[in-house]
Amino acid sequence: MSLKTIRWGAGIAGVLGVGLALLFHWQVFFWVPTEASMGIVQRIFYVHVPAAWVGFFAFFIVALCSAVYLWLGEERLDIAAVSAAEGGILFTTIVLISGPLWAKLAWGTWWTWEPRLTLTLLLWFIYVGYFLVRSSSENERTGRRLAAVVGIVGALNIPLIHMSVLWFRSLHPQPVVLRTDGPSLHPDMLVTLMTALASFTLVFLAIFLVRYGAERLERELRAHDSARESGKGVPV
Amino acid sequence: MIRYVQQVEALVRKDLLLELRTWDRLSAMGAFAVLVAVLFHYAVDRTLIHPRELAAGLIWLTIVFGGILGLGRTFALEEEDGAIQGILTSPVPKDAVFLAKVTGNFVLLGLLVLLILFVFGLFFQVGLGGNPFALFGVLSLGVLGFTALGTLYSGVTVRSRMGETLLPVLVFPLLVPMVVFGVRGTSLLFAGVSGAEVEGSLRILGSFSLVALLAGAFLFRFVVED
Amino acid sequence: MSSPPARPAEGPSRESPAEGERTSSLEAHALVRAFGPIRAVDGVSFELLPGELLTVFGPNGAGKSTLLNLLAGALQPSEGEIRMGGRLRSHGEVEWRQQVGILSHQTFLYGHLTAEENLRFYGRLFGVDQIEDRIHERLSAVEMDHRKDDLVRTFSRGMRQRLSLARALLHDPAIVLLDEPYTGLDVHAAALLRDLLSSLKDGRRTVVLVTHDLTQGLDLADRVAIQVRGRFEFFGSSVELPSGPPDAFYRSVVEGVLGGAGGAP
C-alpha cells in the first residue's frame, strides 16, 4: 500500500465513520424507542457495546499481526500491530467509561463485576503492558519483539480469562443480539446498534490508517536520516 | 531427545545449585510468606470472621505475591558476566532453556507453597482437608501455569528499563483463571469434598498451564534472541 | 569511502562446493548487522580455509565484537549470510553453535560455581564426551588445575580469562572466536595463550582473533583484516601486507576512513 492510498483510505473511512456517528446519535436521541425495563439509561448501550466489539476486534488484529511479525520479521506488520493497539486502547477506554456510567444509573453502583466489563478491564491492562514493554525496552527492535510476545500471550489467554470471569459471576443482562432464537431487540434498536457498530468500525479504521501511515513515514524518515550518517563510530 | 533431556537437566541442576549456594530467592520468598501470614493475622478481625474461612484465597494471594518476587529474579544470576550469552551460544535449543528455567522455578515455588501451607496450618489451624492428592493437583497445576507465565515475562522484563516492577503489570491480568479456579478447588477441598468434585477446576487449571507452557516454549526464543 | 579497498571473497558463494577442491571453512557474504540506526557490521565478506587464522584489527566501536557474535550464532544478521563448510548458519542454528567456541569480552562464568563446576556445566550443554578428562586437560592447559575447586568469584581478572578460555575450547570447536583474549593476562599467561593458539592451528580449525595489539595479532595470522565503521577496509593474507612498520599501515587505513585524528590501535 502506498502512503497515498492509505491517506485516501483514512479520509474516506473517517468521513463515513463520522457521518454515521452523527446519524446514530440522532437515532439514539430522537428515534429509537426507549427500552421498557431500564428506561432511558439503556441508550448508553449503543455506545458501550460497539466500542467493546471494536476494542476486542482491535486486539485480535494486534495478536495476529504480532504473530506474523515474529514469523516473517516484516516491519510493516509491527506498525500495523501498534496502530491497532492504539485504536484498541481508545475503544476499551470508552467501554470502561461508559460501563460505570450505565451501572451507576441502572443499578446504583459505579462498578459491577459484570464479566464482560471485567474482561475489558483486564484487556485494557494487557494493552497497557503491551505499550510499557514496547517503550521501556533497551532498544526499539527488542521492544517490538517483546511487545509482540506480550500481545500473543495475552490473546491466547483471553478465552480462558473470559470463561473464568463468566463462570465467576454474571449479574448482567443476558446477551441480547447473538441468541440462537434470533435477536430479541426491537428492530429499530437493532438498526441503531448496527449503525453505531459500523460507525465505530470505520472510525477505528480511520484512526488505524492514519497512525499506520504516520508511523511508517516516521520510521522511513529515521532510516533515511541514519543512512546518511551511517557507521557513526568513535573517532580513533 | 536424550541430548535434550541432558541439556535441560544440566541447566536445572545448575540453577538449583546456584540457589542452594546463594539462597537469594528462597530466603526472600520464605520470609515473605511468613510475614504476610503475620500481617493477615492483624488484618482480619477474628470477632467477625476466622482466617480459616478466607484461607484458600489468602493462600493463593500469598503464592502470587511471593511467587512473583522469586520469578522476577529468574535471570538475575545469568546476567552476571554474560552467562546467559554462554547458554545462548551453546547448542541448546531455546525451548530447552525455557523448560529448564520453568522446572527450576517450579521447584522453588513448590517449596514456597509447602511453606505457606505449613505456616497457615500453624498460625490459623488450616488443615489439608480430606484429599491431599487432589489438593496437591490443584496447587501444582495452578502454580505450573503461573511459573511458566512468570518465567517468560521475567525474560521480557530483564530487557526493560522498568525491570521487575513491570512484571506484575504483565502477569497479573493473565492470572484470573488460576485464582478463580485455584481458590475454588482449594476451598472445596478444605471443606472436605471428594476429589471428583474438583475435576472441573483441575481441567481448567490444566489448560491454563498447558497454554502457558506451550506459548512460553514457543515464544521464548523471540524474548532472548537478538 | 564508497568503494572500500577491501578484497572480498572471490566469486559468488556456492550452494555445494565442487569435489576435490579445498572447501572454505568459514565464509561470510555481505554480512550486515544494524542496531537501530547504527550499522555495526556493514557489508563484510570474507572466506577462510581450514587451518587459517584471521586477525581482525580496528578502532573501538568498529564492530569487531558484533562480527564475532554474528559468527558465533549469538546475534541474528540483518542481511547477508554466513556459512561453515558450505552450510548456511540459518539451516541449523544448533549444529552451528556446536562447532563454535567463543571467548568474548564477558567470561560467561558463574561466580557462585567452582571452576570445575562451570566447565562441567558447559561441557554438558555441549554434550562433551569423557567430560572429566576433558575438563582436567583444559584446566591444566591454562594452568588452573590447582584452583579447580574454588569459587570463580574469588578469582582475579586474569584467572577468569584463563578459565573462560578453557571453557571456549572445552568442546573442541572447529571455529574458534577470540575477542581480545590477551586482556588481563600476565606475561606468562600470554605466552601460554600464544602456544595454545599455535596448537590450535592444526589444519582442522579456523580461528578468528580480535586484538588491539599489532605484534601479538600478526604473530600467527594467516589473514589480516582491518575493520573500520563496520566495513573491512583491508582484507588480505598477511604476506600481502605492505612492507614497513605495520602500525604505519594500520594508521593509514584507519585515517583514510575516519580522517585526521589517528591513534594507537
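The first chain written gets the first letter, and so on, giving A, B and C; residue counts start at 1 in each chain.
The definition used in the following text is that a residue touches a chain if its C-beta (ideal position, glycine included) is under 8 Å from a C-beta of that chain, and two chains touch if they have at least 3 such contacts.
Keep in mind it's a predicted model, so treat the numbers as computed, not measured.
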Self-check item: Central chain of the complex, centres being mean CA coordinates
Solution: B
Quiz item: Where are there more C-beta contacts: A-C or B-C?
Solution: B-C
Self-check item: Inter-chain centre distance, subunit A versus subunit B - centres from mean C-alpha coordinates, in Å
Solution: 32
Quiz prompt | Euclidean distance of C-alpha centroids - subunit A vs subunit C, Å | solution = 49
Quiz prompt | Whole-Å separation of chain centres (CA-atom averages), subunit B against subunit C | solution = 41
Quiz item: When you check subunit B against every other chain, which residues touch at least two of them?
Solution: 226
Practice problem: Would you pick out the residues of subunit A that each touch at least 2 other chains? | Solution: none
Quiz item: In the complex of these two chains, what residues of subunit C are touching subunit A?
Solution: 35-39, 42, 59-63, 228-231, 254-255, 258, 260-263
Self-check item: Sites on subunit B touched by subunit A in the complex
Solution: 149, 152-153, 156, 159-162, 166, 169-170, 172-174, 176-177, 180-181, 204, 207-208, 211-212, 215-216, 219, 222-223, 226
Practice problem: In the complex, go through subunit C and note every residue touching subunit B. | Solution: 72-76, 94-95, 97-98, 100, 102, 104-113, 117, 121-122, 124-127, 160, 167
Quiz item: Which bits of subunit A are touching subunit C when the two form their complex?
Solution: 139-141, 222-223, 225-226, 230-236
Quiz prompt | subunit B - residues contacting subunit C, complex | solution = 3, 6-7, 9-11, 14, 17-18, 21-22, 77, 80-83, 85-93, 225-226
